[in-house]
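Going in written order, the chains are labelled A, B, C and D, and every chain counts its residues from 1.
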Amino acid sequence: MSLVEIEKLTISFGGKAAVSDLSLSINKGDRFGVVGESGSGKSLTALAVTGLLPENAEVSGAIRFDGAHLPQDEKAMARLRGQRIGMVFQEPMTALNPLLRVGDQIEEALKLTGHEGDTAVAGLLTEVGLEAQHTDRFPHQLSGGQRQRVMIAMALASAPDLMIADEPTSALDVITQRVVLDLIREICDRRQMTLIFISHDMRAVATLCDRIAVLRGGKLIETGPVKEVLSRPADAYTQKLVAATRMAPRQGEPHVAEKTLLEVVHLTRAFPQGGFWRWRQKPLLAVNDVSLRVSAGECLALVGPSGCGKTTLARMIVGLDSATTGQMRFEGTAYRGSDLPPARRADLSLVFQDPFGSFNPRLSITQSLGEPLRLIPDLDPLAREERLMEAIDSVGLDRAMLARFPHEFSGGQRQRLAIARALVTRPSLVVLDEPVSALDVSVRGDVLDLLVKLQNQLGLTYIIISHDLDMVAAMADRVLVMEAGKIVEEGKPDALFAAPQHRLTKALMEARLPDIAA
Amino acid sequence: MRVTKSFALASAGLLLATSFAFAQSTEIRVGAPLEPPMLDPTAGAAEAIDVVVYQNVFEGLTRIDQTGAVQPGLASAWTVSEDGLTYRFTLNDGVTFHDGTAFDAEDVKFTFERILAEDSVNAQKALYEAISAVTVIDPLTVEFTLSRPDGLFLFNIGRGDAVIVAPESAANNATDPIGTGPFAFVQWDRGSRVILEQYGPYWGEKPALTKATYVFIGDTATMTNALLAGDVDGTYNFAAEALPVFDGNPQFKVLVGSTEGETILSTNNAKSPFDKLEVRQAMAHAINRQEIIDGATYGYGVPIGSHFAPHHPYYIDLTNTYPYDLDKARELLTEAGYPDGFSATLKLPPVNYARVSGQIIASEFAKVGIKLELVNMEWAQWLEDVFANKDFDLTIISHVEPFDIGIYANPDYYFGYNNPEVQALNETLNATTDEAKRKELAQEMQTIIAKDAVNGFLFELAQTGVWNAKLEGMWQNAPVEGVVLRNVHWVE
Amino acid sequence: MTLYILRRIFGFLVTLLIAAAVIFFLLDLLPGDPARFILGINATPEAVAALRLQMGLDDPAIVRFGNWLFGMLRGDFGLSQTQKLPVAGLIADRMAVTLPLTIFAMVISVVIGLPLGILAARHRGKIIDTGLMILAQTGVAIPNFWFGMLLTLLFAVTLRWLPPGGFTPWNEDAWASLRGLVLPSLALALPQAAILARVMRTALVDVSSQDFIRTARAKGMTFGEALWRHGVRNALLPVLTILGLQFAFLVAGTIIVENVFYLPGLGKLIYTAIMERDLVLVRSATIILVLVVSFTMLVVDLAYGFVDPRIRERRA
Amino acid sequence: MNWRSLLKHPGLVIGLSATALFALLALLSLVWTPYPIADISIARRFATPGPEHWLGTDQLGRDMLSLIMSGTLTSFTVGAMAVLIGAGIGVPLGLAAAIYDGPVEWVVLRFSDLAFAFPAVVIAILIATLVGPGASNAVIAIGIFNVPVFAQVARGGALAISTLDFVAAARLAGLSKPMIALRHLLPNIASLIIVQGTIQLSLGILAEAGLSYIGLGTQPPATSLGLMLRDAQSLFLIHPWLSLAPGLAIVVIVIALNIAGDGLRDALDPRLRNRGLANVAG
């Protein structure tokens, strides 16, 4: 029997439909996954079920919860949410009130459903794997994973029939992500709860859910049992999504180390900690005595959990930050970071993670792309023009796009432009900081293919920074695993992932979501 | 305990009720536009000091009455020697200061020696510089010796600047004035009011009022509201523009009187082009006196044609010396070599009559091609720039000293008028004591400075008091600065 | 936390010291001789020179600055040049008017402004919101002195409920003193209340779109309940900043309003003292004003720490 | 932003057109007023509004409409100049504090503390005594008051922008700090500054009125709305219209500016514009 029934649901804003004509039925006890990329309307659908849509949304169609229409009265709807539906949101950073202790916030949820008492709070905390001492903490004193556990505890406070989890793990790092997913599964099993799990990650849905709906542009593409849909996707879009979860290993000859391009020698970066007597505080060592070599033409990957120092290391290599001690040598030029001479900067470049933040919205693409050309003295306007054309051609975009402004491009296109900008000075070494993690899954593959193609064509050397082991396995010649500012393990991807030695590498491998069975 | 307390409350209530019932009959609240910076009239020039203390708290040997005539004060009588150089005063007996100390000739000697001392900070020291010696004959007789005859001597010693102070208290008079007057100082709530109370052991006739409160309200609108709401019983000089509020209101009476304030367009005679007589004459012809009086004083000012108060017995009407005539003005300018006029600055002190007259004169002068730039200044700056440094073209100011035509005989005075003829006349005038002769000399001086168009002579400021209709005895005119309360009383 | 407080207090003291220097040396540049002002236009040059000597105007500036600073540290603010009284006492007297006036105005603006702001945010986009915001727009746009004039016309001149201006000392008739402060406080407070209502509404609308409000609603609260329980406290952070600034604004506003209502307050004291070139009084009264304002800013900063646990730690 | 998107913000349209109307009237007074404002004629003073003088005449017989036109120009000019001073000094200071940390930032923050600690009226009184009262004095006083406001807005905005990757990209491209501030930070905080500018403009007009009212602002024969109020206050009970007309003009102008400012903020700040969808994207 269905717990939630959605019938011809249409949600629009100012006449533009964000969800159109969507019908879904979720049975009691189902673990139902809703998959889609950004703009697919998956979150709006969840909000519609809970009556939390923004006020300016125009809704038509019907939603029935446990056989009854959702109440129109705000108060009745609020109480229904409080007693029968639990929700977990994407951003654990902002979803908790920063000014209240988490214990109070959980207790508030209990009070609203009439279950009171300290033991209840303690019980919930234990259930989500937190300790009693955490009740007195403020949200900012907890890690992302802990916060998400608090969110789950609050959602469980009313012993709901239905739990809706909206991208509950996408803001967490790989290891925590897996732990939280397992926790949700375990609780659903124990409590016999119905789950609606909203995600862009096919593999997470495959791991957790038994039924699935694929959404695109507000429309339902395909729905059915997870196994059927994923093993035999009927729709081309679903096929593409499924395909994107498997990364084909890189073709071509294995790299042979010849000439050393970059050498990092005992590099340390210390950040002073706050406090009145600054000099008495022990500095934080973001990068702690790191040495490494990159040879020409190699693709080196740096992996590790967030905060391990991989980004700080990359920033020093490209000259955005300076080392506290130690130094680097790039083709014989010794430097500590920001002191990298302008003449050499042209040979080094960086591709940023976030394609939306990496372009100045007020500058045209020509202006943004042309900016690094200042590093090359005596470039006449004609040669300059030529460089820009060459760069934009190489990333497969139209030359006419040079005159446009960043907001006119999609995320994938912008990342191509970011790559074009990195190439415009014809560098030998390109550092790629999470080059595809901010992109929709369906375009990640294209961008990675482009990177491989360019490396082959131009003989580039890459340093890739990532937490995505699959991508690293597909791209890299060599992998360095970092933790707390140190390199803890090194090796060729196949060997390293097949037989991880270090605790961290093992944990990372274990946290990997299983591949979707073909 | 409970009983006592409620009894105390009840009697306090009774007291309050009674004092309220009597309040209308013997108390007065006077609104004053300016708060005095301190209360010692012998150590500062501010008019606001005299308004509160002159003849109320402090008295001089002589007393000026509201017609400007000299009356006996602390001195009951005096004799003058033939040569006009020796004055012998007989002092009243039984006079005490408010702190209880007795008044005698030593206090008179102390007062004048303090005024004339090297480190004196008296604002009008110059007025008393003719005094060469003050001799105590006996406790009730004192003799003044002058180095030269001074026709205004008896008047000058009746001014606020020469009130008698005691050596015991003189140093503290700024904050805690101790005089011999009918009212004693009680308290000063800074920023809002000064309270005076009748002095029981006063030597003379007791005033009708037992208590007087001066309430300082600088803003005309607020003063209007305070008068209408009955928060003050009257004010001695109310802004003319708001007088219509009280016209025809039977609860109030408006007293229009004269002051000693000759309001003039002071002209820097030492500076080109104002050193040219034709230029000054042209300006005089370009001034529409009536329009200025209407605009700046709402018709209450009295036109003057020279530097002399119209209510004074020596006054002659010279307002037609240079009548309003634009053609004549242009002609004279052409003659002076300025056919297209010229540009000048007009520096204005922060008083309403000056600021408004300035605007009107600028508009009038524009008609004959004289372009005036108005520069508004604060007092301190005006005193330094215009008065001390003589750095100005034109300014507008009211000269409030009584009988001050002598300033035209001082070539170093700020408007820089240097005419030996006037200087000689003034010397003779000062040395003359014969009334008829004095009048003749004064009128000759008036005529010369009018003809020389030394300054633009505009109007004599009027004093426009607004008082509760049931109050009587206020001074209508202001021959000296002060609000004298000795005769003020309530009538039913 | 203590470290944070110490560091903040250090900054406060530095600001005060610089302010003192600015005030002192700026005033030193003023044209116009205080001695000449006191004695008026007929004084002899010798009398002026004598008074200058008596007032200590002939020492070098740096010596006088030092004397002033050390004097203040000992609680001696000097002697007013025109009134011949200790400045500390004069200022204390005026504070008895300005401080209650500012506090009343503050309380009135908070009591009126915040609830209206919350009400408008609660009914965002509805007619009640629009109505309140039109009212607030008007309130923000009304000059306080002009508003004071209108208030006087209505309540003092026409209805005669309240005095039109002036002030009765507290120790004489506290009730009359209170009545005297009603109209000036209202004139000061209403434009500020309008600003507060707008800020409160904006802050609350900002907060209301945050995730934790959605979380609270997901827990079973209505929008209104969530806004009240979780929104208001978070929205108070930006409001607190504005309150601090407003206090400074109110203190400044008293200078104008004290002129309109003829109140013997600090603003009036400074104004008159400058006109009379009473430099000792001006600089001491100004530094007190600056002290009051910076102290408020300090309190606001510290209050942040009490409201927001994140700040409490980040800055410790 | 094109004209069509402008029309989506009725507040902006209403506010801007009302502001523009007053600004035009004010500018018109430069070349033409119904009567010259220096034209004093005591004979025709206190005329009631009528066909000859649409808004009547004042205590010196000057035409009220002409005075209001010219007064509006002064008020606008003073407010605008103060905004220019505030932004001209404050924005570079704020940018400097944002790009150079350490001593520069400390100095700028202390300076802005200091400037905040001086109420504008006190600054105005000091300046008035230093250089004499006048419109320029009001400009400086209000301008000084504006400096820290703009410095803080610029610093806050610049700090937020400087964490974005395109700033890092510019550093990689070898741009100097001032160049980055000029090319990348400034254009992106421009809308913030424009919005703050309209707010400060309306505050400036109010402040000018207050300063003129206590005699420290505009001086005759020039006029401003605040000065008109000052001149008329003692006549309030006899000729209330002389106070009401300029007072209402101030209120309407400030409301217009504030509405325009609110509208501009909504129109220029995409974060606020898209707020309705912000928490449901994805």
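Everything that follows uses one rule, which is that a contact is a pair of C-beta atoms (placed from the backbone, for glycine too) under 8 Å apart; a residue touches a chain by one contact, two chains touch by 3 or more.
All of these numbers come straight from a predicted model, not from anything done at the bench.
Common partners of subunit B and subunit C, by the touch rule above, are D. Using mean Cα coordinates as chain centres, the one most removed from subunit A is B. Chain pairs A-C and B-D differ in how many C-beta pairs they share in contact, with the greater number at A-C.
Subunit B has its Cα centroid 86 Å from the Cα centroid of subunit A. If each chain is reduced to the centroid of its CA atoms, subunit A and subunit C end up 49 Å from each other.
Averaged C-alpha coordinates give centres for subunit B and subunit D that are 45 Å from one another.
Between subunit C and subunit D the centroid-to-centroid distance comes to 22 Å (mean Cα coordinates, whole Å).
For subunit B, the set of residues touching two or more other chains reads 219, 221, 228, 350, 378, 380-381. In subunit C, the residues touching two or more other chains are 30-32, 149, 157, 210-211, 214, 259, 274.
Shown for subunit D are the residues in touch with two or more other chains, namely 129, 233, 236-237, 279.
Two chains count as a pair here when they touch; such pairs are A-C, A-D, B-C, B-D, C-D.
On the subunit C side of its complex with subunit D, the touching residues are 11, 14-15, 18-19, 22-23, 26-27, 29-32, 137-138, 140-146, 149, 153, 157, 209-211, 214, 245, 248-249, 251-253, 255-256, 259, 267, 270-271, 274, 286, 289-290, 293-294, 297. By the touch criterion given at the top, residues 30-34, 36-44, 46-47, 50-51, 53-54, 82-85, 90, 93-94, 97, 149, 152, 156-157, 160, 163-167, 169, 259-265, 268-269, 272, 274-278 of subunit C touch subunit B in their complex. Across the complex, subunit B meets subunit C through its residues 35, 37-38, 43-46, 118-127, 174-175, 189-192, 215-219, 221-222, 225-226, 228-229, 231, 350, 378-381, 383-385, 387-388, 401. Residue ranges of subunit B in contact with subunit D, taken from their complex: 219-221, 224, 228, 239, 241-242, 244-245, 291, 294-295, 350, 355-356, 358-360, 362-363, 366, 374-378, 380-381.
Here subunit D touches subunit B in the complex through residues 38-40, 42-43, 45, 59-60, 128-129, 132-134, 215, 219-221, 233-238, going by the rule given at the top.
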